[in-house]
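Naming follows writing order (A, B, C, D and E), and every chain is counted from residue 1.
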Amino acid sequence: MIKYNPKKWFSLIFQFHRSDTFRILLPSMILIGLYTAGFTYLELEVVEWRDGATTTVHSLLGIVLGLVLVFRTNSAYDRWWEGRKLWGALINETRNMAMKIQAFLPEDDLHNRQFFSKYITNYVYAMKGHLRGKINLAELELMQELPLQELEKAKHVPNIIATAIYIKCNQLYRRQLISGDQFIILDKEVKALTDIVGACERIKNTPIPYSYSLFMKKFIFIYTMTMPLGFITSFQYWTIPVVMFVFYVLVSIELIAEEIEEPFGVDSNDLPMEEMALRIKHNVREILSNTHRSLVTGH
Amino acid sequence: MIKYNPKKWFSLIFQFHRSDTFRILLPSMILIGLYTAGFTYLELEVVEWRDGATTTVHSLLGIVLGLVLVFRTNSAYDRWWEGRKLWGALINETRNMAMKIQAFLPEDDLHNRQFFSKYITNYVYAMKGHLRGKINLAELELMQELPLQELEKAKHVPNIIATAIYIKCNQLYRRQLISGDQFIILDKEVKALTDIVGACERIKNTPIPYSYSLFMKKFIFIYTMTMPLGFITSFQYWTIPVVMFVFYVLVSIELIAEEIEEPFGVDSNDLPMEEMALRIKHNVREILSNTHRSLVTGH
Amino acid sequence: MIKYNPKKWFSLIFQFHRSDTFRILLPSMILIGLYTAGFTYLELEVVEWRDGATTTVHSLLGIVLGLVLVFRTNSAYDRWWEGRKLWGALINETRNMAMKIQAFLPEDDLHNRQFFSKYITNYVYAMKGHLRGKINLAELELMQELPLQELEKAKHVPNIIATAIYIKCNQLYRRQLISGDQFIILDKEVKALTDIVGACERIKNTPIPYSYSLFMKKFIFIYTMTMPLGFITSFQYWTIPVVMFVFYVLVSIELIAEEIEEPFGVDSNDLPMEEMALRIKHNVREILSNTHRSLVTGH
Amino acid sequence: MIKYNPKKWFSLIFQFHRSDTFRILLPSMILIGLYTAGFTYLELEVVEWRDGATTTVHSLLGIVLGLVLVFRTNSAYDRWWEGRKLWGALINETRNMAMKIQAFLPEDDLHNRQFFSKYITNYVYAMKGHLRGKINLAELELMQELPLQELEKAKHVPNIIATAIYIKCNQLYRRQLISGDQFIILDKEVKALTDIVGACERIKNTPIPYSYSLFMKKFIFIYTMTMPLGFITSFQYWTIPVVMFVFYVLVSIELIAEEIEEPFGVDSNDLPMEEMALRIKHNVREILSNTHRSLVTGH
Amino acid sequence: MIKYNPKKWFSLIFQFHRSDTFRILLPSMILIGLYTAGFTYLELEVVEWRDGATTTVHSLLGIVLGLVLVFRTNSAYDRWWEGRKLWGALINETRNMAMKIQAFLPEDDLHNRQFFSKYITNYVYAMKGHLRGKINLAELELMQELPLQELEKAKHVPNIIATAIYIKCNQLYRRQLISGDQFIILDKEVKALTDIVGACERIKNTPIPYSYSLFMKKFIFIYTMTMPLGFITSFQYWTIPVVMFVFYVLVSIELIAEEIEEPFGVDSNDLPMEEMALRIKHNVREILSNTHRSLVTGH
């Protein structure tokens, strides 16, 4: 994700960033321009099939297309925002879990504190990889109980790490290092972790319905291809830039929707999962390190 | 559900898939084309009832129709997405339940692990069948306590399996194999299973209100049938493709809404329940198999 | 509620069901048609006040009216769908409660099982009657502890039945037939029952704000009455069917909104509460009958 | 809030209720009419600045204005509906709390039953007053532990009553009149009470952003003032009623939004808090009176 | 945030507040006016490239732009409102926590009451600073266990304070000053605090997707720059105010969206965090002061 200042109009207008739909669409716009130019030349200079204003149909359908596109972008944005909320929740839940572990465990139990510090962080990195289709095992810290060769064989690495965390919590409860009340509290946190990964998988694995996508593309295609027909009478050679501009606007909205509806990739609009995973790592370590605890307990 | 790459414009525009509204509507479009052709011929060559542009009404009502259709599609999409969320939640909850069972039960209790592995999976397959109106009993694994002939008589098979799971949890609690805290935790998971099946039934059994559907169809029908009247003056013989295209656009939006508002069938836009049920089966088995547990406990 | 196949276009277009807005509006449409006919005759044949196209204002306001109507229908639909969700939740919660009672109570405690089977079912029937303004006491089964003459005097029958259920749960807890953990679990279910009836009452008792409704009706009325003024110049005698059609479309959307925003009546678009109450009765009985339990416990 | 039958079109169209925007706007409409009349006279009879149709800009901006207004009304309606939901939840939660108190307390503990009956009711009346800026202490029943002179000094009366309820619950728990499980259950109810008052305060204290409101008013003002300019060419003296009608429609939508976005006042569109508070009083008393309990326990 | 009376139309129309988009946009509007004036002069007096009405394209794209802008404003408003909800929840949760602490702790435990009074208030002030990028340590009260120099080094001050609160709760539980049931209750409150700060960070750190912002600005820019081209034929010199007004309307909607989508700053539209933090301080102190408690317990 690119951080930018949305109030800097000038730079946003005149910058042509790699992910700018203007830059992406430029080749297609030129093609459309040439097509329209040929068409217009033919009609104006060679034959004159017809007269009378026919922008009516394109006006009407343009509004309908605008409506459809805006709704589509909106639901794509909802998915993007849901993905962001899920990662926000991940930051919260890992923080909460670390805070609770820190408070619940006996003060001198460094071993189990390290266990959680490591497993929570690894869970997040495994989840990031899982959503991008490829887990980079080098990002994970060594887990004594889960050797890397085991992870390599597994189909769903985050699940396995969560199960390990869950078994650890249950052990602590069985050994009475944490009470039943504390166990119920920790249970909710682990459940939250697996719910988050599940919801992210849902967003990732479900594009909008196939028929819908087919329809949108065909609608835009036919609309654009027939635009010169409707506009030449009123616009003559001005039809060329007009068609290019309308094409730019309509297809941009569709393109942006396509980009943001799957927010877990590495595009410029995708969520900054690298950065958030790193922030979680720092947060969890800061909370689980012994410093602040000693401050509070007065040691 | 068909997986596809939404960024491949070319193939999406020129492919005519079985579920493409273009292909579905082609016969009706040709009919409408013939109707308009006859109408136009009559008006232009035989009689000349009237003159003056009357696209105004169709422009105005076209926008209103567009609004109504887009909102309709939107609420159909919400149902589709809710159905997807429910199945996503099913994946999560079954995972969570398996993880908890794995952690709670004594290490050597293979019998009860198998019970849950089997019953959770059967619950999912029974639910899939229940939503499609026909449970395929061959997909279920043999359940000792619930013979198939009992299931055949039952009205609501998922309910019976859930009750069996619930009774098992209660037994474990009564026999103190799991504590009260653990029982409360498992209770939430079973409740989630029955809530999910209930919500899916709600989506399946509730089409949009009858009056609404009657109105939409009548509106679209009258609108399309009178379009030639409004367009002939400006478009002459061009009215034929224009009416066909407008018809394609408007009816497509309605058709897509109809298809996606009931997402539990076997159409191309319906949810991949087969695949998700299989994924649940694999997940639950992977988690409840003893391998990873031994890794964690160090055996 | 009428079940129908939304994909049968032909029958939906040519059927004129009792709840079809076309049939409901037919008399008003004829009136409007006569009014417009008189108006048009006057203007075209008797006087000629003015010339020049004035469809502009009706086009502009028509779109604004369309927007307002579509949003209104949408929020009415949200209420209808919320009502449906609440009854779906009622089905789920009663199921869950029955499953829990079945699992919690000692195997031979038929008396208390019958208590819950009867009281849960009666709660649902009392709620149905309460929402329709008239409880049919004949639908309720005899409740030993709550004689019918007591119910007749009560202001809020569902409340009294819920209190009785709650007191029963508390008794079971005090007598240690269910544990504290089980009591907390049952508490949530009873709370859900009263929350559902409260939410349904909210939908039933709150029409859209008075000013809003006044405005909508006045807007539609003035718009329709002035339509002939705006359309005669371009449409001459065609104004008559045009005004009738526009009237049909706009008023239909408002009518449908009015019908579905209060979904607890007995209209064709209202929720099938009879059927759902019956389904709950069957579900609760099936779950609380002893058959399947014996299967699971192996007796 | 005014209860009315939304299906009575005739009376709604021809009634001019105090809260009808038509009546409220009548003076402004006459002013606008005079302004337009003067303007039109000047342009048609005295000078003739210009010719050519210029309704284009007002058509375009009218649609944009319609969109903005409809969205604004929609979010105002959401606030109104949220306020209604909160009061609906208040009715539910107080009912639930009363039912639980009734079930939990020993049968002969009339003193504490009266405490809750009085404090819950007072909480609701204090909340009503708090939201309207003025608590009417005469509506509160005498509370032994919280003398009126104490309440008069307090900044946030509902908070103080809630704290008193909370302390009472804690006392019952400490004295083992209710168990830990029952205490957790009651805790949720008290929390719900304070959450509801907090959410109502949020709605009350937060108008839509200042810039947004400034913009809306300026947009509507400039739009209306320039309307005659755009419409005179096509409409001549008809411009006068046209401008008045468009003014009525657009400003009505804004006015309704303003009225319903703060639903806790005493306007005709505001929530019937008096009536709901009274209903809560009756419900809580009915539930906490000993009658029905004796029915259930068989005494 | 500025409090104002949204019903005072007159002052809202004629006031030019610092945050009024009219005032903000005035320089740009004058520039656009000059540009259009030059353009119009050139076209009308010097050259005459073309004739024929071409407002069609700007009408069509204007509606599409309106749709996109309105949706954008709407989602910005949703963020603003979510931010407001979060701070509302903060007010509630801190109140609840204070009420619970007040009820749970032994009556004479002033020390721990002061601890919570101080730490809760500090948490809120630290959160406010954290969201504005700069914590003003002078606003925090002295915390014995967390010396200021420690806080200065910390990356995430609210986290550290929350951890300290959590450790304190756990201590109280370990020392049996509060029971397990009470601990579970307090746990939810602390979790709520960290969830709120997390959600606020999400809103703060996530502008709308970069491509979307780039597209909006380019669309508005090209639309405005080409407006004179489309309007001169019909409007001649009137084009100048028309373009200025359309520019004002469209860019205002975008500007307002930009302002309200990040509601934690110090602009006039931003949330009144100062005031809310102060209110929390007063509430927490009022509740945790011993006065009212004594009233209830009768001392």
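Assume contacts are C-beta pairs under 8 Å (C-beta built on N, C-alpha and C of every residue); 3 or more make two chains touch, one makes a residue touch a chain.
Composition by chain, UniProt nomenclature: A, B, C, D, E = Bestrophin.
Just so it is clear, the structure is predicted and the values come from calculations on it, not from any experiment.
Any chain touching chain A (Bestrophin) that also touches chain D (Bestrophin) appears here: E. One finds 23 Å separating the Cα centroids of chain A (Bestrophin) and chain E (Bestrophin).
For this pair, chain B (Bestrophin) with chain E (Bestrophin), the centres built from the Cα atoms lie 37 Å apart.
Those residues of chain C (Bestrophin) in touch with two or more other chains are numbered 59, 63, 67, 180-181, 184.
The sequence of chains round the contact ring, opened at chain A (Bestrophin) and continued through chain E (Bestrophin), runs A, E, D, C, B. Chain B (Bestrophin) meets chain C (Bestrophin) in the complex at residues 50, 52-54, 56-57, 59-61, 63-64, 67-68, 71, 75, 145-147, 150, 154-156, 159-160, 162-164, 166-171, 173, 180-181, 183-184, 187, 190-191, 194-195, 198-199, 201-202, 206-215, 217-219, 221-222, 226, 258, 261.
Those residues of chain D (Bestrophin) lying in contact with chain C (Bestrophin) across their complex are 1-4, 6-7, 9, 12-13, 15, 17, 19-22, 55, 58-59, 62-63, 66-67, 69-70, 73-74, 77, 80-81, 84-85, 88-89, 91-92, 95-96, 99-100, 102-104, 179-182, 184-185, 231, 234-236, 238, 242, 245-246, 249-250, 252-253, 255-256, 259-260, 268-269, 282-283, 286-287, 292-293, 295-298.
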